[in-house]
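Input: structures, listed below.
Shared between the two complexes below is subunit A, which pairs with subunit B and subunit C, respectively.
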Partner chain A sequence: MTYAEKQRLMRDRAAALIEDGIVAYIIGWRETRFPDKTAVFFARDKDDAERLVWNEYAVPLTAKYMTGDRWPDGKIGVFARGCDSKAINRLISDNQIERENVYIIGLPCEGKSDDRCLTCRQKDPVAYDELLWEPDSASPTVAGRGRFFRTEEVEALGTQERFDYWEDVYSRCIRCYACRNICPVCTCRECYVDMHRTGFQGKRQDTAENRVFGVTRAFHVGDRCIECGECERACPMGLPILGQTQKIIKTVERLAGDYESGMSPDKENFLGKFDKDDKDAFM
Partner chain B sequence: MSKTGVFICHCGTNIASALDVYKVAEAAKAIPDVSYAAEYKYMCSEPGQQLILDAIKEQGLKRIVIAACSPRMHEITFRKMLKKSGVNEYLLEIANIREQDSWVHEDTGKATEKAIDLVRMAVAKVQKNEPLKTSFIPVTKRALVIGGGIAGIQAALDIADAGHDVVLLEREPSIGGRMAMLDKTFPTLDCSACISTPKMVDVSAHPNITLMTSCEVESVSGYIGNFKVAIRKKAKYVNHDICTGCGLCEEKCPVKTDSAFNRGLSKRPAIYKLFPQAVPAKPVIDKESCIKIKSGKCGLCEKICPLGCIDYNDEDRLVEEEFGAIVLATGYKLAEWQSMYDEYGAGRFPDVIDGLQFERLVNASGPTEGRITRPSDGKEPKTVVIVKCVGSRDIKKGHPYCSRACCMYAAKHAHQILEKIPGSRVFIFYIDVRTPGKGYEEFYDKTRKDGAVYVRGRVSRIYKEGDHIVCQGEDSLLGRQVRVNADLVVLETAMEPSEGSAELLGLLGCAKDEDGWIQEAHPKLRPVETQVGGVFLAGVCQGPKDIPDTVAQASASAAKAIGLLNKDEMETSPMIASVAEDKCSGCGACEPICPYKAITLERIPDREPGTGRKIERPAARVNAGLCQGCGACTVACRTGAIDLLGFRNNQILQEVDALWP
Partner chain C sequence: MAIDSEPKIVAFCCNWCTYTGADLAGLNRMKYPENVRVIRVPCSGRVNPQFILRAFRRGADGVMVCGCHPGDCHYSTGNYFTRRRFMLMRELLEFNGIDPRRFHARWISGSEAAKFRDTVTEVTEMIRGLGK
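Then we have the complex of A and B:
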């Protein structure tokens, strides 16, 4: 199927779901004034449905936008690829949205033309109410780079080079918090960086404060990160944010074996659970 | 400026000899928030406390910093003192300049600098401390004693004698525990059954004690003063309400299976009493070996029972009971030496037995009615080797700890052999002989005079040669190899935590030490309390000990339980987790991490941002009774919505900032 054919299916199905009252509105993508960029779009009626697009630039994650409407009148329809569906699972297990408030229209993905898709492991939705077209069984994942290539590139550096590398990263961070805002697992009501009275995060714009933010952010998402890579896409300074978080995931893999967050809506915080059978070799 | 007083303790010379307490006091005076500083030889003493109280009054102090030993030692002492002063007892910080400073540093100058830093940090934190109030919760005046050995029996009797209801829970069909298996007890050689069975009868006759045998703990919830315990009553297949214990069924049962009570040295029927003096003196059916339950045939016991007590369809039942206090008396098992010591034959030689098997052999109610014979051929052994520390004090193959009772019962075993078998010889291989106890050294001495030969060294190999069991080892005093042709070998094996004790500790949230024994709250000052409030421990479950120590500890834990149950309501620590609901996103990260199951996710009423519509959203809630103030949740909470009162995030950050101003 071509992009155009799929797009037709999408628009027709969106219109029908809205008309039939199955969903209150649908979250998808629309064109922008840049030919190689799309924007997330809320289709509320038949005319809106005609503005939905599906092409190689339909990159942004739709799922996070549901957190703006936690008590919806009717279901929220959401177009979901593998990454979106993992984000939805994550939002459900973090108690941020409820499954019955969501209607997931699964879109098996072709792999998009964005760096964030280079290590995609789930092109096909892992949770959905309906699939709009059949998955391409020949390539369930994007044949891109190794899962942890971003992390491994940094790990390969010597100690001093690695230190210099991160000093360079933190000297460039502008702490705009775009990575936080776009992240589907950053769903705190009040982010710790904004709690100036407690004083976790200083307000100065310097490398030291950036370092605190960078490391803390990585640990806060850590084992819950679904590796969608939206943080790196959103970063205006092009910083290696996903690669840093994946260092934690790589460690979890070493300790726990195969680990991928967001594959089901059940709680799966490897670092956030207490079990009497936990290995405690260090005790 | 908040009128903070700083008090520096010399701790005799513990602190004062390793750092300059006067200099610390001078430096404290210079801290902007500090309006008064003083040093004294012993701050915890009565004049020391009076010095603080006077200063509070005269100087109008509002917050207190005491630089002294670890807060684990005397924080409570000083809190009690502050109750008399009008200053809230939580506006107190202890700067630990002993364990964390004077005891561990050699350079006086640097130790002094560190003490000043620690004081500065404490002063910074105490500025952010807030007054906290203790609250009260009611107490369920009922105790659960888990384990019906001598420790559990003693604890139950003591608590019941004090007038409180007690449930004594035992997973075997009878109480009595290990002591019921023993023959005579060192050093007085009184018969174990003669001194323990009357206590067992007392338990069953006591109006305040409910005996629950063949029962196990399934789950525990609740907290000090208010535990809810689900108990599995295992199917007995015999109605104990009507059974008179006549014993006809036991005689008729065609099954013969290994008697665990006799350590495999004899057989018992499928319907059986654990031992003749069992309490309750009524049989149960072991479903693993009963032909009727397994295959539907037989049914002899049902036919013979004159009262119709047998019910093959009996099932496990779950009951929930409430308790205010729990005493753990779960005892021990002997190490499986067969899997640890291949060189001792790994169980291939029937005449290599363990200490409890020997107790059964020498016991008048045991399989040989007290005659010491070889399990292999029933002959009387003339030469017996006793090997001590099998699995104990053996870092490579066993446990690092000493099992404590073995030296004495090894001497007792030697004594019994020499007494019962004329012309017999006994060799005891030992590493050290440890006899710290009343009359113990004298008993050991007497055994040697009776003719027991003590050989200092470990046995390296046990093997069969003809009719003999050869024990080869080094006599480290003579510095040469020795070989003894023995007829019987008794291995005095290590004590280990009893089967299932780790799971039970998990249910209760109690910690265990590296060897699996229950961790006491403080090894010296709180030896019969666990780290979970309201859960006490008695006997070997805390670590190997002999009967006198076990009974003493059981009475001690009973005293603690009685102290708790005597209260109508009890004070709770206010230093517990507290949720700022406005910040809580309800993600639930805190819930599974709480070791005390104190956190639940609830739906709280709120208004939708923007529309103002009434909605409900999830948020964490802390059960103040369950929370032990460990702080695990505060670390799991990314947004910092959970704070530990007394250790709020901003208090700790303030402390950290003081270190790097």
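Then we have the complex of A and C:
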């Protein structure tokens, strides 16, 4: 099926779901004034449904936008690819949304034209109420590069070089918190960086404070990260920050075996529990 | 003004084990380097990884997190969470170019005054070697 055919299906189905009152509105994508960018869009009626698009630029994650509506008038419809469905599972297990408030229209993905899709492990939705078309059975992943290639590139450096590498990265950070805002896992009502009186996050604009923010953000997201890469996409300075969180996932895998966040809504996360026989490098 | 060339080490010590151990070291008139600054916390599980970052950010040359041995936690399970948390944090610090010898997590019980002394001495010497 071509993009145009799939887009037709999407628009028709969205219009039908809204008209039939199954959903209150649907979250999808629309065109922007840039030919190679789309924006997340809330379709509320039949005319809106005609504005939905599906093409290789439909990159942004739809799931995070549900968190703004905690008590919806009816169900929230959401178009979900693999990454969106993992984010939805994550939001459910983090008690941010309720499954019965969500109607998931699964869209098996082709892999989009964005760097964040390079290490995609899940093109097809892992949770949905209906699938709009059959998944491409050839490959469940886009698999452009190894899962942890971003992390491994930095790991290959020596200690001082790694220090300099991150010093360079965070010297360009403007601490706009776009990475936090876009992240489907960063759902605190009040983020630690906004608690100015605790002094957890210094407000000075310098590299050291940026580094504190970078490491803290990585750790807060840490074991819950679904590796969607939205943080890197949203970063206006184009900083390579996904490798930072993936380092944690990689460590969790080394300590506790295969680990992938967001594959089911009830999966416990690594730091929320313990095992008395955990490996111990301390004395 | 002379520049202070001694390293500063921040040690987060659990109230029930390591802090008592440090107290016992004092009662026994044991000698250990004065570079260490002890901060008492109710449990090693209280130590937010951010405390470590903040200590480094504010100029500490080394950071230690000390708590009860696994199985001995006053709150039953606190240090099991600590263990997981700092296994990850240690790797993440190393990934960010902080020498792993600057961050230590140790289990020291209330009766192990000598172990507290030895650990602090060892860590201080290690960090002195690394430079400020």
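Throughout what follows, the second predicted complex is superposed on the first by the 272 of 283 C-alpha atoms of A that agree within 3 Å, B and C clash if a C-alpha of one lies under 4 Å from a C-alpha of the other, contacts with A are read in each partner's own complex, and residues count from 1 in each chain.
Just so we're on the same page, a residue touches a chain if its C-beta (ideal position, glycine included) is under 8 Å from a C-beta of that chain, and two chains touch if they have at least 3 such contacts.
What you are looking at is a predicted structure, and each value in this text was computed from that prediction instead of being measured.
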item: Which of subunit B and subunit C A:Phe200 touches, first, second, both or neither; value: both
item: Greater residue coverage of subunit A in the superposed arrangement, subunit B or subunit C; value: C
item: Which of subunit B and subunit C A:Gln96 touches, first, second, both or neither; value: first
item: First (subunit B), second (subunit C), both or neither touched by A:Arg70; value: first
item: Partner chain(s) touched by A:Val154 [first = subunit B, second = subunit C, both, neither]; value: second
item: Intersection of the subunit A residues that touch subunit B with those that touch subunit C; value: 192, 200, 274, 276, 283
item: Residues of subunit A that touch subunit C when the two form their complex; value: 151, 154-155, 159-167, 192, 200, 202, 208-209, 211-212, 215-216, 218-219, 222-223, 244, 247-248, 251-252, 255, 270-271, 274-276, 278-283
item: Complex contacts: residues of subunit C adjacent to subunit A; value: 49-50, 53-54, 57, 70-71, 77, 80-81, 83-99, 105-107, 119
item: Subunit B - residues contacting subunit A, complex; value: 502, 506, 514, 582-589, 592-595, 601, 608, 613, 615, 617-618, 632, 636, 638-641, 649-650, 653-654, 657
item: Complex contact set, residues of subunit A against subunit B; value: 70-71, 94-96, 187-192, 195, 197-200, 220, 267, 269, 272-274, 276, 283
